[in-house]
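Read through the structures below before going on.
Each of the two complexes below includes chain A, the first together with chain B, the second together with chain C.
So, the complex of A and B:
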């Protein structure tokens, strides 16, 4: 156990990875006949939730939180289907830059509110969340269809290889590049101990602001994936995605106090939640119980990682 | 060392700084030259930490001039003109040693130095400080507190500062590390670096500094050359040079009653020396010291909270003996603690004055299990008169009261539990003069009725006028105790700075 604990201190996402592996095995056992249609589409179906979790992570690492990630994903889906496509803008070279720019804009607004104007992150992003949900409902009062071939391609397969895996790899590539710069180190320092970071001269406000921008960027890619999967616009999912995304982040071992965790954990956390959802649906567990099970799972994993890490995280008194 | 001819690195002239109504700095001037260690000395509240924060450019002065002139040598890319090390060990626990050493040296994305150069510089300085090789990639949380502070010192030194500011930075270091650091500091001094040095240890100050500036009540009152300074002259400067008489209205030292609370072999931290003491009925005992030397820890430990080892025993007149293990138990056996931070730890801001008063003694107001407001009001009125609490209506929000009257209401809350031992954590901090005197009168009255009172105070004056006996804390243990004729300003301040302490080898 001590070996696992030591590994967990270095790689807090291990719990989620182990849990995801177990769930995959259980899925295989529980649904042997589903293999043909189920497995190849798994990654594509996972994509929206994975992006919500990944996009929620940077701000949490910096000691904040972004409650508006779910609505951001949904809004970029609705902007594509209800605004861009009807206006005849359907080339990927136009749609992708517009959607990404929108994501960067919304993320930066969050960042300015929290990091520069010093509103409490919870309140500021909650307000942004409501505004975005309002705009989404205004643009798409009821679900409406709309898609183009290249968007559908994003969740299709090339042979057996899912294209969605490539898209999910995009934020990881961005993150890997950022890890080579001082940005990620600064962000973890700002989230881990803002007082120490500030006194040492870490540009705390700047990295925190950018963490929200980064979240907005990732969320907008998630909007593309959601569009590809739904082939329609639907404003109704915005608020559920918020909470499930944050649950995936917590499950992935990222500390909500900031300073510890990463994108990989959030992906593994999203995978866990997704697999449980599938499993329970396949076992025809009533939908109302699924939320109860999410909750229990989350509490269990948070308690587990907190108790495994507790001794390492205590700050020694001076 | 001849700092006289060296260039002036830092010059502060007539700096003033206020925080709200508190004037932390009235008029402070300081000049630091290249190649000198300049110590700043003063007791609590003399303004030295505010001055240091201004020098470190963490706070802006309200008025006055601050000029920093870099040495103008060829500079590395990570160079800083002023680097500061604080008393708090400011490491980011989730990160590695080398990341902590270079914390804050990078821009948002870019880094001024290649990784290899950073590692080399960090390894070199840490080796000098810790006396051994450290695994640079190990988590900093795995290091001892002393080694963590060494990382913070290394963080300042890798910036190759012109001026190094040490704000009690050595208190977390173990002795060997401290000595190694001082050796390194002497080398850097020979290279022309200037150092502003604050320490609570007189022996460190006298051993290391070239000049010493003494502060008192927000003013820099003298700068003396080390060669002309002795511990005695410095203490005299800090206390103002007057051999003060104790205030006239002071009662003669009380004849100590029976012991009511006893601490045996009490250790406040794992490494601090054990404490044995007793509080007697009818006495007021002051708990004094420079800030952060365990005064609050002692009070809390006497209340049954946070001691590392040892025991606190409540001795009742009726021969009942209780081992205190928790605040709850302490409260039940007649020990009350009034915390320091009124706003955070005492007051229920949304509640009224009388509700704030009654929270500890709700049961006294109940009839058939329901609270009788009439009874409560009557009960509070007695305390209101005794403590001279000035208020509009009892039902007004507690926040409508002045700080002094809030504190009185909180005292009434605890007095209503009829404690025999009262532990007070700086009860007169930030309240007006009249309210202070009311509280002093109250405490004297309580002591005369047989209560034992231990009171932490950051004001020297209070120790001299209110207390029967004063315990001076240093490094989480009792350093000295004064009463009667030995309870003088100079004795207290000397003890604050450890004068008379054996110099550790």
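So, the complex of A and C:
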């Protein structure tokens, strides 16, 4: 048990990975009749949630939080459907750079507000959230359809291989590259103890700013995936996505005090939430019970990971 | 320890030069001044803004927001955050309408059930957050889903057709009066709540314990304060106040639904922060109440100028940033070394 606990302290994402594996097994058992073609579609459906979780992670690692990730994903979806496509801009060589640039811009605005202007992360990103939801509602007052073949291709499959898996791999590739630089280490140091990190010469403000930029970039890719899946624009989902994304990050073992965690945990956390929803639907659990079970699992897994990871509970008197 | 913790910000030597900056920290002067300025802007630019009818409407809306944000203020003072407030409001509104309109329970039974339901949920939030060191952000997020889910399960899903008690709606109708006073009862209830919470925070042992816990949980523990009990009670109180807002809102809206409370989570958080209560244990409820009033006046002026809902959100977000820029920004890291 102590060995297991030590492994968890080093790799907090293991809880979510194990839980996801169990849930996946239960999903397979619960749906033995599902065709092989069912599973690639599952990964495509997971994509938007996965990106919300992945995009929320860098800022949390740096000791901040980004409440505007959900609205960012929804806004890039709406910009594609309501602005770019109607304007005749539908080539991937034009749409993708524009959307990514928009994501980087919004992320950087968040980063400047938090890291340079020194607003508390919660209030800065809350205000940005209000603004983005407003812009989204302005651009898409009511849900409207719109898509192109290459966007739909992103959630289709080649044989049994889901294209979405490749897209989800993009942020991990970016992250792997960043790990070869000092960025990730500096970000974790800045999140763990910003004052000590500053003393040690870590450019805390710079890495924090970049963590929001990175979140914006990942969120914009999430917007592409959401567009591919929905084939329409819908402003109503923004604030739900905020909460679910943060839940996935927490499940993934990333500490909200900063300095510990990673993208893989968030992906596993998103997978858990998605599989729970999928399982409850597949077992035809009455819709009204889904919220209850979902909430209990969320609380249960945070309690589990907190008590497994914390030495505090062992040492401290009550 | 318990005595010095809340007054920690005010122990600087009382020279005249410091007196003004001290009172700025101690009293919500900035928020009150902003409220007066914004209100005057409304009076000068909009016809009928300063009339009794318009002021009554502002007070009613602010009462809902203020009551909903009361719990969040207390939770922030002990260093937590309660993301379940919106969900608890929705759940209470659903339960109130269903138990009264659907099952025909008497009023008192309905309110007791809803408030006890909320108390248990909130107490669980506080216990779990403190006992296991689990992040309250996520715990309350999860328990919020549970609250709405349980309300849906109990009410069997749909609840749009069932009605909350008629007289409950009268509490928040602009034409209602309170014992001859020309304001609806909900405003009086809110003012009473402000007084009660302020007295509790400043003049009772429990209030001292809240500030001590927020300033430093370890120091509070050494002063023989049961931090766990403080968390259980504060989170319990937060849910009860949210449920109270939900009951009133059910009366105002006629019935409940699963998204009724959502706006109050983020607006309530904004009211706490604009009021200047930080998430590390400084502030009080009067600040939140003034900020709630300020936010509602700003929203009302934006409606008066004819902005659409979408434009209002954009302007509101920008204004909020500018408004808090003066006092909320954090110190430079290099100044903390």
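Simple rule for what comes next: the second predicted complex is superposed on the first by the 305 of 318 C-alpha atoms of A that agree within 3 Å, B and C clash if a C-alpha of one lies under 4 Å from a C-alpha of the other, contacts with A are read in each partner's own complex, and residues count from 1 in each chain.
Here is the rule we use: a residue touches a chain if its C-beta (ideal position, glycine included) is under 8 Å from a C-beta of that chain, and two chains touch if they have at least 3 such contacts.
Here the structure is a predicted model, which means the values were calculated and not measured.
Touch criterion not met for A:100: it reaches neither chain B nor chain C.
Legend: residue contacts after superposition of the two complexes on their common chain; A:210 is shown touching chain B, with no touch to chain C.
Judged by the touch definition given at the top, the superposed model places A:118 against chain C, while chain B stays out of reach. Using the contact criterion defined above for the overlaid structures, shared-chain residue A:186 touches chain B, although it does not reach chain C.
In the superposition on chain A, A:167 makes contact with neither chain B nor chain C.
By the touch criterion defined above, A:267 reaches neither chain B nor chain C.
Judged by the touch definition given at the top, the superposed model places A:84 against neither chain B nor chain C. In the superposed model, A:199 makes contact with both chain B and chain C.
Note on chain A: of its two partners chain C and chain B, the one contacting more of its residues is C. After overlaying the two complexes on the shared chain, residue contacts for A:224 are found with neither chain B nor chain C. Residues 195, 199, 312-313, 318 of chain A lie at the contact with chain B in one complex and at the contact with chain C in the other.
Residues 58, 80, 84, 86-95, 99, 103-111, 139, 141, 145, 148, 155, 171-172, 269, 292 of chain B are the ones touching chain A in the complex.
Residue ranges on chain A touching chain B, taken from their complex, read 9, 178, 181-183, 185-186, 188-189, 192-193, 195-197, 199-203, 206-207, 210, 259-260, 312-313, 315-318.
Those residues of chain A lying in contact with chain C across their complex are 113, 117-120, 122-124, 126-131, 133-138, 141, 194-195, 198-199, 204-205, 239, 243, 246-247, 250, 255-256, 287-299, 302-303, 306-307, 310, 312-313, 318. Those residues of chain C that touch chain A in the complex are listed here as 83, 128, 132-135, 137-139, 141-150, 152-153, 156-157, 228, 262, 266, 269-270, 273, 278-279, 308-318, 320-321, 324-325, 328-334, 336-337.
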